[in-house]
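Some structures to go through are shown next.
Each of the next two complexes has subunit A plus one more chain, namely subunit B in the first and subunit C in the second.
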Partner chain A sequence: MATTQSAIGRSITRGEGPDKVTGKSIYTADISVPGMLWGRVLRSPYPYARIVSIDTSKALALPGVYAVVTGQDVPETRVGRRMLDMPILAQDVVRFVGEKVAAVAAGSKDICDEALLLIEVEYEELDAVFDAEEAMEPSAPDLHPDMDSYTGLPQPPSGIKNTFAHITWEKGDIEQGFKESDIIFEHSFNAQLMHQAYIEPHACIVDASEGNQVNIWANNKDPYMLRDQVSAAWGVPTENIVLHPTSIGGDFGGKGSFMDVPLCYYLSKYSGRPVKMVMDYIQELMAGNPRHPAVMTIKTGVMKDGTIVARQARAIFDSGAYGAFKPRAYLGGADHLCGVYRMPNARIDSYTVYTNNVPRGHMRSPAKPQVVFAVESHMDMIAAELHMDPYEFRLKNVMREGDASPIGRHWSQIKALDTLEAANKAANVRDARPANTGIGMAMTDLVQGTGQFAAKIGLSDEGKPELHMAFWDTGTGSHTVLRQMVAEELTLNTSDVQIILETTANMPFSAGSGGSRVTLSAGKAVVAAAVDLRQKLVEAASPLLDAPEDQVSLQNGLLMAAGRSVTIAEVLAATGSESLTGEAHQTPEAPDLTSFCTQIAEVHVDPETGEITVKKIISAHDIGAILNPLNHQGQIEGGMIQGLGYALMEELELEDGHISNLSFGDYKIPTSADIPTMETVLIQGDVGPAPYESKGIGESSNIPVAGAIANAVFDAVGVRITDLPVTADKVLSKLQELGNQRK
Partner chain B sequence: MFATEFEYQRATSVSEAIQLLSNNPGAKILAGGHSLLPMMKLRLTSIPMLIDIGGINELRGISVENNILRIGALTTHAEIAESYDVKDNAGILWETAYGIGDPQVRNRGTIGGNISHADPASDLPTVLKVMDAKFTIQGTGGLMRGGSRVVSADDFFIGPFETDLGENEILTAIEMPVLMANQHAEYAKMAHPATSFAVVGAGVVLTVEDDVCTAARVAVGGFTPVPTRGLTVEQALIGKVLNEENIASATILIHGDLGSDVFGDVFASAEYRQAMAAIELKHAIFHATGLAHHN
Partner chain C sequence: MNQKVRLKVNGTDHELDIPARRLLVDCIRYDIGLTGTKESCSVGVCGACAVLVDGEMYASCITLAASVDGAEITTIEGIAEDGNLHPIQQAFIDHGGFQCGICTPGQIIATKSLLDENPSPTEDEIKDYMMGNLCRCTGYYGILNSIAAAAKNMNEAAESGG
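Showing the complex of A and B:
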């Protein structure tokens, strides 16, 4: 470790921030390549139909049109992040409203749109299925008859109709557990379809117009994985595919999918020009890769004193028409369906099912907001039946040090109880509250992922470190934190460290952003590269200082020994830049740690209208060292607000596969007027798996919000909403059912 | 996207505009263009000719004469929101105009265009109905008042995006009686959080003498094909002292005035909007009469 804490722990503002707010940042849509054309796609108006014929002759005849492609012009290859099940362009069948049927490359966007109107497609509609549970019935249409042959299935298909992944987690003996229980409760929940609502829609430029090399600019956060996906789809070797860096305007889990890139290559090939494709927001909301809706049932056996003995949970995730937008074919977050409670017997069944809806992808802490809403609502529903306080019920059952998780995982430290107690204390729950107000709590944990990362640190002519990576900042501030790490190891200021984004051709493989892995895994690679460079500086300084290496130290950017010092620039001048490069390419071990979060929401419900006002959300976190307090708090608060949107307002409205709220004028996301008082409680531990004993913070605060708010609404007016979002309409309807309009 | 090709004519007088309308089947009047142009660009409609009436100054302006407030059809929402004549004589309209869209929309959008478009989600039709507004319509025929006719707001709105306006007619002016000292008017709405359009809008104009309601016009809109008059609510209010109890028992009767044609969506179901109609109406009367506002 470094000798001084010069850079870590400071609220360093974003390096790219000024460029972003002044419009200087270059996003994919801003990039122009000489000779570039625009590409646009024609999408299916039907949820499920056979394509009888496509006539592109009129579109091709339109002046300014360079290429028109249909399914017949592209290979039949299926593409995907893991599951290869999505055609590049619909071959003979369309499976959702918005599926790509044909594409045009032309001199302008308007010519493209004009040409799309001239493409004549004849469809024969088929009987579609929109409900995941119905899709599992034997009588449902078989949406993917060739499913068994798809590459990337997690295991052989279970034999359930349209179900391409059935994953289970199990501990103990669930049947025995229920036999031993005094009382058994069972409840069902629904979670809605939600869009990530990043500001920047998907965009790409593909240039396959000359030679063997294919150049790609895309706002995709996983450049190497995208390279591998399109390499497989196109039959082009990875060494011929180069991903160029771009700014990314928000991700929230949604920018890991290939979207138009596989198709754009063929527009470029056929037109002989580079082609740019930018989705508009109508297309984003219709055919992006939104969060999975889920139908969940949880059954719990308890003793009369409230001790949980057994829990069985089932989640059905509607994957939409394809599974290609998931990095795994299933959602690992379903493993949270039993919560953060101790129980000897547990079983989780998770099903991922094809329907004729828009294909779903990843969104911030995939599957966890859905399942934690269910499990935390279920906890309060049991507590109410047992006439126990929800806090006391959780206190009785929450995991403590040494406990195995419901699915049998072991952690070296468990601070669930600490976060529960801290949140409860901050909420002052004993204070008398006005009529129609209530509080509700919910808790979760989140494990950081790992991945392979490469970092190289060289020196500028002035002796300033230059961190080279092929890793894009999705808007989380990761580049700034990585620069802080370099500064820390080289005892400099963060402002001395520049990040230089390389193409994928210039660096070995790096996993992209996601899974709360960046600070941990990219961070370890960057620290290792910085340590490597520091050692090389010490070696090079040793003869200059006339001192043995073990007596040379680096302090405040100076190499010092025996009262003498040389600057890094002087070492560079004497040694040359070739030998002064630190490098690392590594994958850290998966951590045996998790991080807990308990939230308490306080709401007021208008008994006349059902309208919910969230007055306050308290978020208590079990954290490690904080590398950048500003960024850390930004992640916590941003997550809480995104969770608030999920809890109360955000929903893509689906009717027979058609989404009706296709603009931000109709799809409501939280604005500053909706944001309640947010209070954060940080419980700092002394261990963290990431550099400097830190822990990831990006994906926990958005998870419990919906459960906490649903529980608070119940506390306020006695109605239980089990399907998200919790709207005034639903609350009023339940209030009227209750005939219980307390004034 | 570009709109499909269309002809453009700029009329210099109302009679010229009507002439162009009758000589060019399918032609449409272009006022502020706030609803029409986006529909054309999205190719939701294709129109062979647009007749721009933006240069006809006789269609602009606000005046008060003989206790009648007259607003030219081409008057923008911004002009209405900035007018003391409107503020002093029809405060309910002044406030509603100020709440339409954003400054860009208010600067371009016109009252006549809004009414002719007859979007059921719009606030103005409900407000004009309770204000007992009359619309002057000019056409080709030898109608009374020199080729023009007058239609009340009650009769003008026929259905969603459908009005009494004929093919070759132009809405030229909106007139309404000014509010008297003993009249209280208010428009209350539950707004969609993203669009700000009315989930439910409720307008009231009440005449009060010695605390007793002697005349009432109430209407709700935003979730019915056209704004719906609350005739039974009006009857229940007239002759009553306007206290909380009487207001609550009268406004609940709006459920009976609403037909079966009530809109709902995922944000707010038809049942929810029906329930909110009584609540918003109650809020409007509370505000109008200065009773303590229910939280």
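Showing the complex of A and C:
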């Protein structure tokens, strides 16, 4: 038998590859179940209104219509990922443009749409509030009078109007710190509303037509969480709810929300049929769960030599009409608002506020792209005023081994400086550049999350491992990496290992994908299950090899002792499959490691038009071992280009609660023609919290891009854009202001 | 009002009795049952629903099925040859040309259309041609590498095999 190479560290291509490139992969919208109907929703055209009456009689009379439901036909219970504040269908009041008011189940999409036109709703408009700061004023309309009693409120009521979370992080004494400072700087920033723009819109099928069991197919990455959410909403016990596996067409944080699933159940119940709901992209852009916009202010006290003494930062996140799409109800990423710098005194205040805008959810590294844009722009603005080079200013203040983070966290192995220096070296920052060309840098860190995962590994009849999980891949290639881990522990080739996706009924709870937790947490469960199976194989082989267990080893897929060997298949044949199953169900400890990333962007700005061309981005990452270079690099590249879209072009344009750019024709995301030259610098350390000393890489590269580009634009033409995205129009108008000043 | 529409899809003849306003994407996905063709933007700008109609790339989400009556249509399911992956498909697997895969059928159809027209495109020609195929996962680098590799492999195979 040929020697098996280590499965780890190789660019193993995806097991699902052949299905993906031939159209055989089945996504939720591709699934049909017998008797299935289509479901569609009627959405509110008003940002805030009382529903005076709804008449569904004409819709119900339309041939082909099986059910029409309104708020009166569903329980008044509220749904949420943590905080339960969103009605299944509007109950008397609508709070944003796009809120679901009624729904139809019919034999075809066309009939649904015809029926929706026949539903008559009378509204009485209410005074709305669209600005988060205004919503915090005592005089603002009270959008959720019962807020203080909502289940899952992240903390005791804040006492501030419409503000359901006021979270603070603090270290030292900022008042004292500002007193000791030579100079104090304060700047404000805005980050825009952005959509995850996964190419696959939300879709689900709910079948509650027969018996007690409810079957669900949904492109939701957290199947167990979804099960628990709908169980609470419907009053159906979790054991009667089964989530079936499906391919997911992109997540980026946006596919953790329940979206139409709670409602679809009632369409199925009332029609007595399975019902499929697929959002079209207009609905996605109008009423998905986009990234939070933020208003941020940062104040920093420094000594004349540039040493940071104190920093106080505030962020107000506009949650939109509901908080239900946030897994923690607030955004933990706001803790990055003081950056990755050493400072004895710091305080962060973050507010999450209701408005009459579309409810916001999670997007890749929630809150961090917003706050890192602010803090990294602020760093350069201070450097400019101090007449210091931005790189030198960072060098002076960046966290080093042994430093506590601004909010008092302690990490082992702080590699911030390494990434800063490496990016700097790759960029040749001191090189002379052509006119109107500049560079800018930005840096961050990202801690991997943890979560509970279950893995079970059995053997096929041929003795090949089969990894059973109820864990859907969102597109990152995690299934392949997990197969690599099984192969590694069982000394086989990755191609020998199959993954078998189970329904939620067949496996204990697993957290889904998200928070860069998969390699770490799912990985540890998979490795533990593989180690368990390996041990059982050794035990079972011992009598066959006539050798004590401690002398039996597994090598190249063979169980060996004293010069003799048996194959896994032979052990299986002798022992039976029952006892040869490895299992693990566990939650790893939160790591004491974080990962740093520094990016440097090089841009050219056309002084006539303000047009920005990003020529190059250098992305330097502090990493552990790489499990699969192809996947690893793909995560860095994809994240970076999302960051580029955030920095330069993507914004859901809101006016009085209405979004105007409701298609990919108007909501522009980067295309193949927009991508810059990219250089990745990997600083490989020898520790990582995930198996084989690896670290997650899914989120960091999208965080610093906007700050780096804004800083580069300043370097190129001397204009500072403090509200995202950095568009040609904004740059041009600032250039004209500058020109006028100079005249 | 229903209408008779004849389509030859991946070599198989279909005679359909469908509403006159039936979109080609719905016809392919639901009437014919080939769900490899995806729908995302529904307005002809993302490329997810791309198919070849008599060899030419169409956005099936903005094409009426009746308007291509009698045409030969190739969908992603018709790209592999005799059960073997097409070199373009293999290149997308080998070079990180997909992550979630939802845009991939469209990317591969577009690549086929590009390489049929221009077997040795430059990097800029590839970027230009592929502008109409959005991908949110890869940042396009993996896709561009895949297309370049596919072109190279196909040209080499053509030279050696004739």
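Criterion: the second predicted complex is superposed on the first by the 734 of 743 C-alpha atoms of A that agree within 3 Å, B and C clash if a C-alpha of one lies under 4 Å from a C-alpha of the other, contacts with A are read in each partner's own complex, and residues count from 1 in each chain.
Simple rule for what comes next: a contact is a pair of C-beta atoms (placed from the backbone, for glycine too) under 8 Å apart; a residue touches a chain by one contact, two chains touch by 3 or more.
Every value quoted in this text rests on a predicted model; they were computed, and no experiment measured them.
Enquirer: Label the relationship between subunit B and subunit C on subunit A in the superposed model as either fit or clash.
Expert: fit
Enquirer: Of the two partner chains, subunit B (first) and subunit C (second), which one does A:Asp729 touch, if any: first, second, both, or neither?
Expert: first
Enquirer: So, A:Thr581: does it touch subunit B (first), subunit C (second), both, or neither?
Expert: Neither partner.
Enquirer: Once chain A of both complexes is superposed, is A:Glu653 in touch with subunit B (first), subunit C (second), both, or neither?
Expert: A:Glu653 sits against subunit B, while subunit C stays out of touch.
Enquirer: Does subunit B (first) or subunit C (second) touch A:Thr474, or do both, or does neither?
Expert: second
Enquirer: Between subunit B (first) and subunit C (second), which, if any, makes contact with A:Phe664: first, second, both or neither?
Expert: In the superposition, A:Phe664 touches subunit B and subunit C alike.
Enquirer: So, does A:Asp110 touch the first partner subunit B, the second partner subunit C, both, or neither?
Expert: Once the two structures are laid over each other on A, A:Asp110 reaches both partners.
Enquirer: Touching A:Ser188 in the superposition: subunit B (first), subunit C (second), both, neither?
Expert: In the superposition, A:Ser188 touches no partner, neither subunit B nor subunit C.
Enquirer: Report for A:Asp280: first if it touches subunit B alone, second if subunit C alone, otherwise both or neither.
Expert: second
Enquirer: With the two structures laid over each other on chain A, which partner does A:Thr22 touch: subunit B (first), subunit C (second), both, or neither?
Expert: second
Enquirer: Which chain, subunit B or subunit C, ends up touching more residues of subunit A in the combined arrangement?
Expert: Counting contacted residues of subunit A, the larger count belongs to C.
Enquirer: Quick one: smallest Cα-Cα gap between subunit B and subunit C in the superposed arrangement, Å?
Expert: 6 Å.
Enquirer: I'd like to check the shared interface: which positions of subunit A are touched by both subunit B and subunit C across the two complexes?
Expert: Of subunit A, residues 110, 664-665 contact subunit B in one complex and subunit C in the other.
Enquirer: Touching subunit A in the complex: which residues of subunit B?
Expert: Touching subunit A from subunit B are residues 1-2, 43, 190, 192-195, 265-269, 271-272, 275-276, 279, 294-295.
Enquirer: Can you list the residues on subunit A that touch subunit C in the complex?
Expert: 13-14, 16-27, 29-30, 109-110, 196-201, 247-252, 280-282, 474-477, 630-631, 633-634, 637-642, 663-665, 669-673, 675, 678
Enquirer: Using the touch rule from the top, collect the residues of subunit C that touch subunit A in their complex.
Expert: Against subunit A, subunit C makes touches at 19, 26, 29, 34-46, 48, 75-77, 79-80, 85, 89-90, 92-94, 96-105, 108, 126-128, 130-144.
Enquirer: Which of the residues in subunit A come into contact with subunit B in the complex?
Expert: 110, 113-114, 117, 606, 608-610, 649, 651, 653, 660-661, 664-668, 674, 727-729, 732-733, 736
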